[in-house]
Amino acid sequence: MSRITLDELDQLTREKLPFAAACGIRAERLDSGSVTVRAIYQSQFLRPGGTLSGPLMMALADYAIYAAVLTRLGLVEMAVTSSLNINFLAKAMPGDLIAEAELIKLGKRLAVGSVDIHVAGEPNLVAHATCTYSIPSDIADTI
Amino acid sequence: MSRITLDELDQLTREKLPFAAACGIRAERLDSGSVTVRAIYQSQFLRPGGTLSGPLMMALADYAIYAAVLTRLGLVEMAVTSSLNINFLAKAMPGDLIAEAELIKLGKRLAVGSVDIHVAGEPNLVAHATCTYSIPSDIADTI
Amino acid sequence: MSRITLDELDQLTREKLPFAAACGIRAERLDSGSVTVRAIYQSQFLRPGGTLSGPLMMALADYAIYAAVLTRLGLVEMAVTSSLNINFLAKAMPGDLIAEAELIKLGKRLAVGSVDIHVAGEPNLVAHATCTYSIPSDIADTI
Amino acid sequence: MSRITLDELDQLTREKLPFAAACGIRAERLDSGSVTVRAIYQSQFLRPGGTLSGPLMMALADYAIYAAVLTRLGLVEMAVTSSLNINFLAKAMPGDLIAEAELIKLGKRLAVGSVDIHVAGEPNLVAHATCTYSIPSDIADTI
């Protein structure tokens, strides 16, 4: 079971993560170590060629893993991204983006997760990312 | 010598890259395969803890390599990011972010660049990224 | 169904991939786009602390994705690794290593796969990798 | 100035890193946070097409960053690779491989370095890697 609710995460996002909020990013499902996050379509995310921009997908992947970490640790605002690796797999046509993220490790110092991103209503993946988060020392001692 | 000017890149950014424009990203130096790009500070980029968010640095790194590719190919709007890997090295205190990007390969199908990011006026790096761009086939044939 | 058999891959490995052969790497399962590969334990793979070395896992991940590409393309020796990203998740105690690899994209120019590695008999992952392979142009045209 | 000598590193490699030793990997220059490492050519490193294999370059990159960490920390055998990202830039024709590695961060918990690899006598890079190392807690407290 998630240690954070959708309402708590929404409030955290509005108050402390204005960049994600401005990107229209919002979680839809929070299970323990596994989440679904959506980025609502905005035309400002288009790039030349009329497809969705890479940086939006990076922001979405980063947020999705952060949310997945919070489902296990609770409201630990200070977990920070340590690294992110993303491969773009196909052009993302205009639409909402859906990220499915899973934690693959939650250690004392580091969390690692993977994310698959697709356009809502389309089966093919448009990006795959792996992201590591650094866990604050004071929290780490309680895991 | 760069095959694109600062004015041309600014115009492209305003018209075709609204996400980068909204992030306050703007190139300051364009040499052949080597560029400097700045992201003007906005409070919306802060994350919990009062430091600059990772996704802003990802967007900046991605843009900087794109600009570096254009310095060699000219106005090839359709080059698309193929992958990005970023490591965060230190907390980024509020301020403008400066990215220094260098192409390390420009092949027929793929360009690879590396980016160092620091906060304006601070010597330490806050992030290091490597990014690959896919070159359109029709352009590739002319390289 | 795989377009290459275990015997064909074994022969290719012995004749053309002596490094993988010397590492004791051998496929155990070849399905279309999905493979299982084992690296037989050798004491030369230990590193300080008595755990299995990272480079062995990198070699195993690289081989596993190569094998997964061949299950779809057949005996295309010339597919070459374009990039690899690996995160180490836990210490790998002495034993055989098992890699489970899945293709997540097979495009005309690029294949992308992900790999999970664990020690035989242990449930926890010790490494997760994402790897991209470049597809030769002459083959690409037939996909 | 390096906190480890070439002789000390050679001895560590022979005794504790047999995989690197078997790959013919040996440091040639150790400065503080900056090293040059060579992998002596062996025909077993060839892959289909007659070029040098990716996994050899991964092993070389990993070793080079490890050596760079030791130049700053001294003989800390237990630093372990946390992640590695490598991009292959050009085919590596048969010959010795030379890696030039630089630490770009040495923190209390994590070291990050970048590596450029070329074939001896050839100017072009064949690979670029970024690698992170986890620093043991007991050492971290003394940095």
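By letter and in written order, the chains are A, B, C and D; residue numbering begins at 1 in each of them.
We adopt the following convention: a residue touches a chain if its C-beta (ideal position, glycine included) is under 8 Å from a C-beta of that chain, and two chains touch if they have at least 3 such contacts.
These figures come from a predicted structure and were not determined experimentally.
Farthest chain from chain C (centres taken as the mean of C-alpha atoms): B.
Should one ask which of A-B and B-C has more C-beta pairs in contact, the pair is A-B. Mean C-alpha positions place chain A and chain B at a centre distance of 22 Å. Distance between chain B and chain C, defined via averaged C-alpha coordinates, is recorded as 33 Å.
Counting partner chains per residue, chain B shows two or more touched chains at residues 82-83, 85, 87, 132.
Of all the residues in chain A, the ones that touch chain D in their complex are 82-83, 85, 109-110, 132, 134.
Interface residues of chain C, counted against chain D in their complex, comprise 12, 16-20, 22-23, 43-49, 51, 53-56, 58-59, 62-63, 77-78, 80-88, 91.
Chain C makes touch with chain A in their complex at residues 85, 87, 89-90, 104-105, 107, 112, 114, 116, 125, 128, 130, 132.
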